[in-house]
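Have a look at the structure below, then the notes.
Letters are used for the chains, namely A, B, C and D, taken in the order the chains are written, and counting of residues starts over at 1 for each.
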Amino acid sequence: MVQLLYFGRLSDVAGKSEEALTLPETVTTTTELRSWLDLRFEAEGALLEPTVRLAVNNEIVFDPHPVRGGDEIAFMPPVGGG
Amino acid sequence: MVQLLYFGRLSDVAGKSEEALTLPETVTTTTELRSWLDLRFEAEGALLEPTVRLAVNNEIVFDPHPVRGGDEIAFMPPVGGG
Amino acid sequence: MMTVSADPIDAGAALSAFETDIGGAGGIVSFTGRVRPDSKHGSVATLHLQAYSPMTERGIEQAIAQTEKRWPLSGLKVIHRIGDMAPGDTVVFVAAAAMHRRDAFEAADFLMDYLKTNAIFWKKEVTDQGVVWIEPRPQDYEENARWALTEDA
Amino acid sequence: MMTVSADPIDAGAALSAFETDIGGAGGIVSFTGRVRPDSKHGSVATLHLQAYSPMTERGIEQAIAQTEKRWPLSGLKVIHRIGDMAPGDTVVFVAAAAMHRRDAFEAADFLMDYLKTNAIFWKKEVTDQGVVWIEPRPQDYEENARWALTEDA
């Protein structure tokens, strides 16, 4: 199981702000996760945009970064500021 | 009678912060007033300094400016700011 | 020194508390940012701010540390609200204290630039025209860039 | 909009009152200046400030008018204390409100430069070393000159 968080406009794309799920065996990196979820949500590339950063366990990572069971993975569109 | 005001360090020089007095007939301008008062207070030139500005009736004036009975005349050393 | 919470912010009370905390230091600059009644997207009903804890807090703490390294300060405070807010509500309060007022002004200004551009918040406006997520404005990047130009190595 | 008085200043209360008065404008910058416990003349017991009314008030009003002409503001406030003060007491409180925070920062900064250099106050420090009247510091003139360089014709 991984915990997925969708921030900002991506919560609209995902229809939720978070979910827990088990990744398929083919998904082992952030790059594969983006593609798999983008198809699953029919997001038309919204999760693939380079300005959407991923954080794994509260650290911003660069693609491809390994993902594994127990991770908290956040999809972060550009921040809007306070 | 004129009303004289001494601000800042000049109140120490004058030994007071204000006084009302009748000017001698020879004192008809700010320049003459400075000299007369400087002697009277033994101020050794403190009232003659160009950085000491005079205000007559709440307006800064340039020497020599006429002074007459009823005037409020202020001796203003450089302002220290708030 | 730093708070991110859904509680309403009372800027006057926050300034009083800050001034009490720091003791007798010379100058204090505060900034209060409030929800605007109008945006380019319409008349604002609600502003919603999302944070990602603890990443958001960590980012603000790093910005505070950077600010304190750069200016000689006797105190620095950030209160940031999240959740749903109405126009006029205070979103952010920043205060900086220093012996010299220039340092307090620059520190508060610098920290606000960070908060408005790089702080980790997502912002949604609900207006009479609909709902929109706000992403960065070019002018925010420019203001932040002012500081980068004079950044120490 | 402008007060010169011997009454103590409560910066938090002043900020609250100002924010209420101006309604929902975007950003508010405040500056609080307090009596320092130490000066180059010694450990401060009392700071005494003298004004010349109504000339002092008129000067501040002119500076306020100049500031309002130069930046688009939704509010501006100055409270200045005179008489005898102790270390930690607030001498001056300035607040500026604007739709854009840069305007509020610059307006408050500019007005403080005026108040610290050209405002008509005489200042006496009573320290453990004696009594001294304070006249202008060169750095105050320099800070004011920053603005003159970019003064509109």
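As a convention for this text, contacts are C-beta pairs under 8 Å (C-beta built on N, C-alpha and C of every residue); 3 or more make two chains touch, one makes a residue touch a chain.
As the structure is a computational prediction, the values presented were derived from the model and not from experiment.
Asker: Supply the minimal count of touching-chain steps required to go from subunit A to subunit C.
Answerer: Contact-graph shortest path, subunit A to subunit C, evaluates to 1.
Asker: Could you put a whole-Å number on the gap between the CA centroids of subunit B and subunit C?
Answerer: Distance between chain centres, rounded to whole Å: 51 Å.
Asker: If you average the Cα atoms of subunit B and of subunit D to get two centres, how far apart are those centres in Å?
Answerer: 28
Asker: Could you put a whole-Å number on the gap between the CA centroids of subunit A and subunit B?
Answerer: Taking the mean C-alpha position of each chain, the two centres sit 78 Å apart.
Asker: Would you please write down the residue numbers of subunit D that are in contact with two or more other chains?
Answerer: Counting only residues that touch two or more other chains, subunit D contributes 33, 116.
Asker: Hey, which chains are touching each other here?
Answerer: A-C, B-D, C-D
Asker: For the complex, give me every residue of subunit D touching subunit B.
Answerer: Where subunit D meets subunit B, its residues are 33, 49-50, 52, 54-55, 58, 80, 91-92, 115-124, 133-136, 140.
Asker: Going by the contact rule set out above, which residues of subunit C touch subunit D in the complex?
Answerer: 10-17, 19, 23-37, 87-88, 99, 101-102, 104-105, 108-109, 112, 116, 143
Asker: Which positions of subunit A touch subunit C when the two form their complex?
Answerer: The contact residues of subunit A facing subunit C are 5, 7-9, 12, 55, 58, 74, 76-82.
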